[in-house]
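Dropping the structures in below, format is structure tokens.
Two complexes, one shared chain (subunit A), two partners (subunit B, subunit C).
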Partner chain A sequence: MELINKMLEGDKRSCAKLISIIENDEKGGEKIVKEIYPMTGNAHVIGITGPPGGGKSTLTDKLIKHLRKKDKKIGVIAVDPTSPFSGGAILGDRIRMNDHALDPDVFIRSMGTRGYLGGLSKQTRNAVKVLDAYGCDYIFIETVGVGQSEVDIVKAADTVVMVMVPGLGDDIQSIKAGIMEIGDIFAVNKSDLMGSQRTATEIKMMLDLSENLDRRPPVVMVTANRNENIDKLVEEIDAHIAYMEETGNLEKRRRSNFEDELLNLVEIEIKKLIKEKTEADGGIKTYAHQLLSRDIDPYTIRDEILEKINLK
Partner chain B sequence: MELINKMLEGDKRSCAKLISIIENDEKGGEKIVKEIYPMTGNAHVIGITGPPGGGKSTLTDKLIKHLRKKDKKIGVIAVDPTSPFSGGAILGDRIRMNDHALDPDVFIRSMGTRGYLGGLSKQTRNAVKVLDAYGCDYIFIETVGVGQSEVDIVKAADTVVMVMVPGLGDDIQSIKAGIMEIGDIFAVNKSDLMGSQRTATEIKMMLDLSENLDRRPPVVMVTANRNENIDKLVEEIDAHIAYMEETGNLEKRRRSNFEDELLNLVEIEIKKLIKEKTEADGGIKTYAHQLLSRDIDPYTIRDEILEKINLK
Partner chain C sequence: MSKTIRVLVAKPGLDGHDRGAKMIARSLRDAGMEVIYTGLRQSPEQIVAAAIQEDVDVIGMSILSGAHNHLFPKVINLLKEQNAEDILVIGGGVIPEEDIPKLKEMGVKAIFTPGTQTKDTVEFIKNNVKK
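What follows is the complex of A and B.
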């Protein structure tokens, strides 16, 4: 494929076009992934996540600037939590990242969740593959939010940086419980704000309580908008990947991520198949109608659907 | 089933036991749902959601107290965003709800996300069915977070109350974009805090920009911890359901929720089937290993898995 050859030679526009195909055209995306797949596996993929209000975009921006000084090639996929109902992505403060628009060695793309029906992690993963083949040394996947979908997305990463921030209110306890074990590194951002030291201490305490951590995640205080301690965070990121490589954990994690990826791909196909096979009977709508009238229970209908696709 | 009969007679402990079975024993849960299903469909199910730090539990608590004065029977399912990796639920400030422990007409249950593998919305929905058959007039589903899983959960509701709060920082713009269209009612909580009026105005402006809303969601200022304006919020909840019934939208929404429920049930079975059918070859792990070594690409393996379960 012409576009792939040009992308492999370092053409940024071709890279952008390939990712657009992945976003918009399923069959085309599949073809691209099949072709570039052997050229992937070299990038260090880093998830940047954490509760809203943490300043993740500013932090990513500073990480890029720092790594560019070391002449590293960088890719960023910023995942926007667009409404699953309406479409339309809001880029928010990601617009700041425009600073890098003219740099051929920084590639940034926002991806929205609209229309993917569980396919966002597929799209994200495939875009990461393109950036990997494009030769990026570091690929950042940035997400907003703390739900299951964010967990799924950062699962595509080798290293997860959890960005925390002081003063998130009561719910912080339960947020922490939910994310404590997916963070490889904790960055307490806006550490010039009151309460940041306390937040760091709380995180450390929760980490002390966590069992089955084979490596205690470091907690780094940063102030992204003042560019403070970004070098320290980069050191920790590099230390994490070095540790993962030495211990064989990198292979283990990537294998486990691949398991998720495969299940996700299969699931998407099966959803399509169900749609196809139930269409003649009025589709899933007819079944929902029977549920509404309480004629049949959900489990009996489930079994009927499984029969339709010959799985029962 | 003895437990079901006792629950239908109003025994709270039997109701609790049934929900525990649903949480812990898949086959048992299926049997319960099949049996109680014809007795469901009478409760008004209300999702309480919104970004962290909004004081949702306090608000739910005040809603319960208000509705109890009107002699309504209440159920609450509080969904904890527990780590998908470790298990262990943190109840956080839900402990406050213990006030209602002795009231036979208030049933509160926390459900964690641990171990469900995409099954949380199934468990939540089934617990709602039990509370519905138990005779609850209102059932609240409370979630923390703004991710896809939270959206899935509130999709089980007739009415969604989106709890907003002043001062959530930069990310609020993108959060809003993500949740604007799932809120039927917006409650700006902690409206004694600075900036609450601005938050309300911002929400109204975003609602003005939203297309295809058949009903403009009201924005209610509340201060849950001072019990201010809870009556107004309850009025809006009742007005919403009345509107939904009159327009036929309630039926439409429930049907669409049922479609999601059915797809979710089918998905869970198929995941089990894949596990079973690939076991002889070393399971999905073997496939992941081939991906790691770049021997085959993900799409080719996906097709192999589909073949294994006779879907290709």
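What follows is the complex of A and C.
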């Protein structure tokens, strides 16, 4: 495929077009992924997550800056929410990363969630594959950043940086159940603000209480908008990946993420098949009606549907 | 399913407010488009680089500073140089009536002066983006 060849030669426009095809057109996207797949697996994929306004984009901007000094090639996928009403979105993460717009070795792409729940978009993983084949050493995924729905990022990244800010107060308590397991590294951003030391201490305390952590996540205090202590965070990111490689955990995590990805792919097809095969009878709606009138029970209908798609 | 239209909204030039640009960004979002908002004071080079990476269908520039006769041609030439002249360039802001024909001749597809209804802009984009 011409676009793929040009992308592999380093052409940004082709790289961008490939991502668009993947986002817009399933069949075309599949062809691309099939072709580039053997060329992936070399990038270090880093999730940047945390509350909206916490400074994820600003921090990503500074991480790029530091990694560029080491001459690393960088990709960024920044996800923002799509409006459920209009299907449109305002994607504003780039504003914080404009300094890198002209750098030939930085590629930044904004994506809307397009109806996908969980802080990523449906095609985030495939877009990451394109950037991986494109030759990026590091790929950052900036998530939407809303509380509990962030679990997805773990399934798409090698390292997750959880961005926290002072002043979350009781919120830390209420979201800790979800987040303590997600973060491989905690970055307390806005360390210029009051209470940041306390936030860092609280996080450390909660990490001490968390069980079954293979490795206690480091807590790094940074001030992204002033570019302070970012080198320390880069160090911790590299240390995490080194640890993951040494212990075999990287392979373990990637394997378990692939399990999830595969099940997801199959699930989508099965749902489509159900839709197709039940269409003639009025679709799943008809079954729901039957349930409503108590004519038949859910399990009998399930088996009927499975029969229709030749799975029973 | 029809393709989602992607629009880069930029506010180049040195003057400081972007209320108009933000307003149009919101209208486009409400019309179902994905708007990549790049903020204030972008250079033409930055705008074109972002448009290419984001693979947008449209670049919308809001210009109040009077630098339109410089900024629009610059963006259009850069797009040509990078084989991206299929990206639609439109503009808004305070642009004198007498400058408009020349800008259009250079390749700016439409200019929306103050007082244009945002729905006209939405309509224009929907009708002119290649499907």
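Here, the second predicted complex is superposed on the first by the 269 of 312 C-alpha atoms of A that agree within 3 Å, B and C clash if a C-alpha of one lies under 4 Å from a C-alpha of the other, contacts with A are read in each partner's own complex, and residues count from 1 in each chain.
By definition in this document, a residue touches a chain if its C-beta (ideal position, glycine included) is under 8 Å from a C-beta of that chain, and two chains touch if they have at least 3 such contacts.
If you're wondering where the values come from, they're calculated on a predicted model, not measured in any experiment.
Contact with neither subunit B nor subunit C is seen for A:Leu63 once the two complexes are overlaid on the shared chain. When the two complexes are overlaid, the chain among subunit B and subunit C that reaches more residues of subunit A is B.
Of the two partner chains, subunit B is the only one that A:Val33 touches; subunit C does not reach it. In the superposition on chain A, contact of A:Ile141 is made with neither subunit B nor subunit C.
In the superposition on chain A, A:Ser20 contacts subunit C only, with no contact to subunit B.
Counting contacts as defined above, subunit A residues 82-83, 85-86, 88-90, 92 meet subunit B in one complex and subunit C in the other.
Those residues of subunit B that touch subunit A in the shared complex are 30, 33-34, 37-38, 40-41, 51-57, 80-86, 88-90, 92-93, 113, 120, 144-151, 165, 168-175, 177-182, 210-212, 251, 254-256, 258-259, 261-263, 265-267, 269-271, 273-274, 284-285, 287-289, 291-292, 294, 297-302, 305-306, 309-311. Chain contact summary for the complex, subunit A toward subunit C: residues 12-13, 15-17, 19-20, 23-24, 82-83, 85-92, 94-95, 98, 101-102, 107-110, 112, 114.
Taken together, the subunit C residues at the contact with subunit A in this complex read 3-4, 25-26, 28-39, 42, 45-46, 49-50, 52-55, 82-84.
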